[in-house]
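So that we are looking at the same thing, I have put the structure below in structure tokens.
Here the chain labels run A, B, C and D in written order, and each chain numbers its own residues starting at 1.
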Amino acid sequence: MRFIKYLFIAYMIVCVNSNIYAKDLVVGIGGDIETFDVCCANFIQSHHALYAVYEPPVIYPTVKTSSGALVGDASDLDGTVFESWKAHSDGLTYTIKIRKGLTLHNGKPINSDLVRYMFERNLNTPGGGAWLLKNIAFVTKPPEIIDDYTIKLTGDKPSPMVMSSMYMTSSSMIDPEIVKEHATSEDPWATKWMTRNIAGGSGPYKLVKHIPDQEIIFEAWDGYKGDKAKIKRMIWKIIPSPAQRALLLKSGVIDIAEGLGEEEFKSLKGADGVKIITAPSGNLIYLGMNSSIPPFNDVQVRRAVSYAVDYNDILKNVYNGDAKRLWGPFSGTNSFSLGSKAGYRTDVAKGRKLLASSSYKGEAVKISIDSSKADRELIAVRIQSSMRSIGMKAEIEKLTPAVYSERKVGKKLQMTIDGMNAWIDDPNYSLSLTLECGVYGNYMDYCNKEVDSIIKNGWAETNLEKRKAMFERAQKLIIDDAPWAFIAQPNFKLAMKEGLGGYVHYANEIPRYHHYYWE
Amino acid sequence: MTTILLRKILQFLKTPSYLFLTLIISMAIFGPFFLKNPIEISNGPRLSPPSFDFLFGTDQYGMDILSRVVNGGRIDLFTGFMASFIAASIGMPLGALAAYKKGVWDQILLRTSESFQAFPVLILAMGTIAAIGSSMVNIIFVIAIVNVPVYIKLTRSSVVPILEKDFIHAARCAGKSDLRILFKHILPNVSPVVISQFSVNCAWAIQILAALSFVGLGVKLPTPEWGAMVRGGSDYILYGQWWVSVFPGIAILLTVLTLNQVSDIIGEKK
Amino acid sequence: MRILAYVFHRLIILLLAVFGVSIITFIVTRVLPGNPAYLIVGVQADQSTVDAVIDRLGLDKPIFEQYWLYMRQLLLGDLGTSWRTGNPVSFDLSSRWPATLELASIAMILAIMWSIPLGLISSIKKRSFSDYLAKFLSGLGIAIPEFWLATLLILVFFAGFQIAPPPIGRIMLASPPESITGMYIIDSLITSNWESFFASVAQIILPASTLAITIGAPLLRVTRTFMNEVLDSQFIRSARAMGIPKSSIIFRHAFPNVLLPVSTMIAVLYGYLLGGTVLVEFVFSWPGMGKYAIDSINSSDYAPVMAVVVLSATSYLLVYLLTDLLHFVVDPRTR
Amino acid sequence: MVDKKKEFIELNKLTLVISSKNKKLFPLQGVNFSIPHNTKVALVGESGSGKSLTAASIIGMLPSNAEIIEGNILMNGSNIVNLSEKDFQQIRGKEISIIFQNPKESLNPIISVGKQIAEVIRVHEKLSRRESINKAIKSLELLGIPSPSKRFEDFPHQYSGGMAQRAALAMAMACRPALLIADEPTSGLDATLQQQVLELLSNQVQDQKSSLLLITHDISVVGATCDQVAVMYGGRIMEFGDTKTILNNPINPYTIKLIESFRRSKNRSMTSIPGSVKPLVDKLKCCPFAPRCYKAEKDCNNQLPSLSFVKKRYVACSNL
């Protein structure tokens, strides 16, 4: 025992005079990165990583709000790889100039070929990238090359957000050679290889090491032409327990704790050396019911559940009141939102009646949740008991982030509690992101032809009044079909060490780590 | 022969562990009738510390920990008992057979159980559960299977010496059928050993179940099960909300401790 | 000459056991419900890959041929690929195996350090305080759930007194030493990299102690029982009757006799540890085989799980063989 | 008889109590007898009569729950009752040593026989390793063990029963003790072997000029071996004197019966004495043998006879 005591002492000494993380940025994350492939990231943490190592061609400019907080201004757009762009009168064509002198990490110059290849790969790999191009920008063919640093991009239909859609990670620069090198006959775009490896990359950080389930290490890239990363080394520690993440932030071992739940924030409130950044969020928490998996293929069942859920209880007990009720598919801040004018209010009796009239046979349904998100389990348990109150049996299934997002994207989840964040606060965008028939992000496989037609026409509609009316109708339809039970809109919260500055809040709530610096 | 067993049971009835055992079991059986619904959430604030209306406090869902611990007793004890019962009823006859028939059968059974014991039981159980799905039946089945070899070896090793005894020869000479001998003479003789093993085994089965649920492969949330409850609280314990996982932990500890004691008492060589 | 015969005999038995192991794993992987191909490539794999696997493993072939293929694969050291990490399992294990080995060994050493002396004392000094202490600890250690004990230790030493490092992985407050054996403590000693030595030692103390407590209990029991037996034996009585001093009686006459059964127990426990650190690794997110297995299970990635099972089963049997040989050398009666 | 100067061991009114959880036993109640230098004494009695405990108290190896509450044991005139373990270590093996039945079990299975003997020598005679080894080999030789320097290395399991017997004896005699206690050395051996063992014993003792305390339930073996015999029953000495005297005309009824029973049936059963030995749960008020005695009279049952010198031997009987 004395021997152990000595070791403790020795260890304390080490702790005191080896403050080896002082310069570095240590981030505690809940689960491992599911993929490094720009085309197909789902797990939010993957996007964090991709923004660090890859670079999309455009970015929202940083502005200071009256409160002094830094935010990415979604109403404007700066070029990073793209120097400038010009929309032609036809509303379909864009001529884009590429900034000269930029290179990938491996020194390969960024030019038209590279940019063209980015479009090409995105169009050919099923994923967020393809969806953005096809469903948002209405681009279905790669741009034509004018010269080494100029390209011409042409869409099929006019879209207001051709350029802004490119601020997503999927539009990042990659090295064609490397991709081709690892392509195989059944995998021509090397998606398998890219899930674990970086093809070129031009972001402010380079991936140094990735030890699955343990840590990911980044180092600043000196060749970066934008404002270089101020913190040279960045270590992401995978710490499954949110409580431990919070505790480690408190004890100063880590500098940022991702994916904390209300419990953790409560415990961190007022802790010295820790600051909590809050911002209103477009993140919509919903209970998804898969319209193509029984019993939820029956709208009555979906409605019944929507009546059963005890919304106020969740707001009160899970979010400690630090969230707004969500009434429909649009966030409360969205000018098109109907707010509480439509939507479900808890009514168990009604729920039971609807269920009785439905095709539900009393079988147990499965609520799948992401084990790295602290609040999900708590919500799930409450919903489970609500469902019991109308006579529905439900089982809860916790999945690791990787598996969860795989099943989700495969549209295999019967029922899930998930967050949806429309990175562009536009009705067209958010609907076609998640509720348009068959789109990539329509995880609950909802389909309503009328809603689809509204989405299609909505893009072109310029008359605001008309557009409002259209989307009012769409919202009513969706609420009536109840593909989701609309639960809550919690505020965005991020806990980090006092003295860590430079955080910029973007609409998609993904930080760019090169902004951070030690005050 | 059964008198040995009787004597042991009698002397066991005198011990405190007997009291404990009956206490635990009757708690598991009758307790739930007097307590709140273990999965009813709206009956109190979340994570409230032990108080008069919630003796053990409430957990992260706002459920009454006391009634969850008691109800958990039902699940854990039942699983433990069933698993080891199945294991015993498969393993004992096989073991006796091995000892009785000797030769090839003996070797096969022996080697199989040996290689079985080389396995990391927990991982094997986890893998299997994960593959075939974690229904209560599956869990019991898997735990039972991994326990069978124990009984095979045990029964065999305690039957072999008995076979040398005279009264077996006598019975053989009297032309009694093998099965008859097995059940009338041999099994009664090994019963004390087996019963003591059975008790240990229940304990062990409970530990495995708890472990499985602890890593999230056992019972489904929010079923009241001790391992799962410990897991649920293992985060909050770091905020000083200790009661969530301490009470179920104590429950496991006491139960296993008692069962081991029982086995010690019954298994004592006399 | 006889030792050769003996080793040969033991090896035969070992092979038989390994054979049994392989059969069982085979059954678990192949005969269980659910398409093993999916279990191997993962739920998300598309049909072409599944077919490829079915073809490679010959899942369409008769069962015996399948088994043969499976065995050949094992013998060639091909443990399959983990679709979760994207690496061949053998590669992943090359870093996980030392982690578990390190933890298991330290735990074993700690266990031996506390349980054997206590066991001896308690059987020499009957009805003394240490005797009751021993009884208490052995009962407790066997009954206490590992994961709960681990949680409590974290509560007390990490969250409470804050003297333990965060219970995450093998090294938290320093960079790992360059890999030689893969065991941080040893590597950092070899490279005399003190910073990471202390860091990794501090990191291993809690998980190792957890295991040491639970593993030490049965060891203590065995030591106690056998020491009692020996002390009551005729030859100890006659040694006393010859006026041999107590110290010599205990250490020269009694203890060596206890050592044999105790060392067997140690072997069994160590073998168990090599596959049994799962829960502790899980609680302390210790990147060993156990955690690897659990992570893989959670992403229904089965190749690693089976690899871990086979590996630890085999190493268990090896440890066992080694002790047998040791006995053969130590115990005159076996010669 | 023999005058007190030459006594080596002398037991006076030795009384022993063994206290277990719920009851007390009084297995020895005033044992009086003595072992002169260079003499062979037999201590005879049925099992349960207290022979072995007497021996145990002489070498101070009583069970932990036993206690001498009265009387003393003199060794060369000085009391050795309640000596410390340390002091007894000096005596055991050097002054007094003991051999038990089935010698194989009294040798440590994992230490070579030679080493075990050598250790005893080293402990008592403060010799160097080398010397002690040589001496050990000699003592093996003395007991007629062939090629002793080779057998020295062997382990007990490599010795035959007879050999082990000799080895054990060698160990016991290695330091030429003044007294060798042999606790039932022959029980479990067949008649011919018994003879050999007993001869071996008495020869050894003779050559080494030591005394022998032979503990046995078989009075028939005594005649050939011992000079004196003490008959014990119920934790007391019934009759004690020269072997010839006692064997030729015993006067204590118990001795008579004992001798008869062995004369009559050569099977070693004691059935021919009616009744059986009762455990001594209390201090004796009367002759312990009275209940089984054929010539018991009423005053046998109300007074405890003490040893008195009658007809050239000590005898305890109130009804001669």
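In this section, a contact is a pair of C-beta atoms (placed from the backbone, for glycine too) under 8 Å apart; a residue touches a chain by one contact, two chains touch by 3 or more.
In this text the structure is predicted, and so the values were computed from the model without any measurement.
Once chain C is removed from consideration, the other chains connect through touching into the groups A, B | D. By the count of C-beta pairs in contact, the leading chain pair is B-C.
The most distant chain from chain D, with centres taken as the mean of CA atoms, is A.
Chain centres defined as mean CA positions place C nearest to the mean of all protein CA atoms.
Between chain B and chain D the centroid-to-centroid distance comes to 54 Å (mean Cα coordinates, whole Å). Between the CA-based centres of chain A and chain D the separation comes to 93 Å, rounded to the whole angstrom. Chain centres here are Cα averages; for chain B and chain C they lie 23 Å apart. Centre to centre, using the average C-alpha position, chain A and chain C are separated by 42 Å.
Looking at chain B, residues 216, 234, 238 sit in touch with two or more other chains.
The residues of chain C that reach two or more other chains are 159, 298, 300, listed in rising order. Residues of chain A found to touch two or more other chains are 244, 247. By the contact rule set out at the top, the touching chain pairs are A-B, A-C, B-C, C-D.
Listed in rising order, the residues of chain B touching chain C in the complex are 111-112, 114-116, 118-124, 126-128, 130-132, 203, 207, 210-211, 214-217, 227, 230-231, 234, 237-238, 240, 242, 245-246, 249, 252-253, 256-257, 260-261. Remark: chain C residues 13, 16-21, 24, 28, 32-34, 39, 139-140, 142-148, 151-152, 154-155, 159, 271-272, 274-276, 278-279, 282-283, 290, 293-294, 297-298, 300, 302, 305-306, 308-309, 312-314, 316-317, 320 touch chain B in the complex. Put simply, chain A touches chain B in their complex at residues 241-244, 246-247, 263, 267, 313, 317, 371, 377-378, 380-382, 384-385, 395-398. The residues of chain D lying in touch with chain C in their complex are 59, 61, 64, 85, 88-94, 97-100, 102, 105-112, 116, 119-120, 123-124, 155, 157, 168, 171-172. Note for the complex: chain B touches chain A at residues 39-42, 46-47, 60-62, 216, 220-222, 234-236, 238-239.
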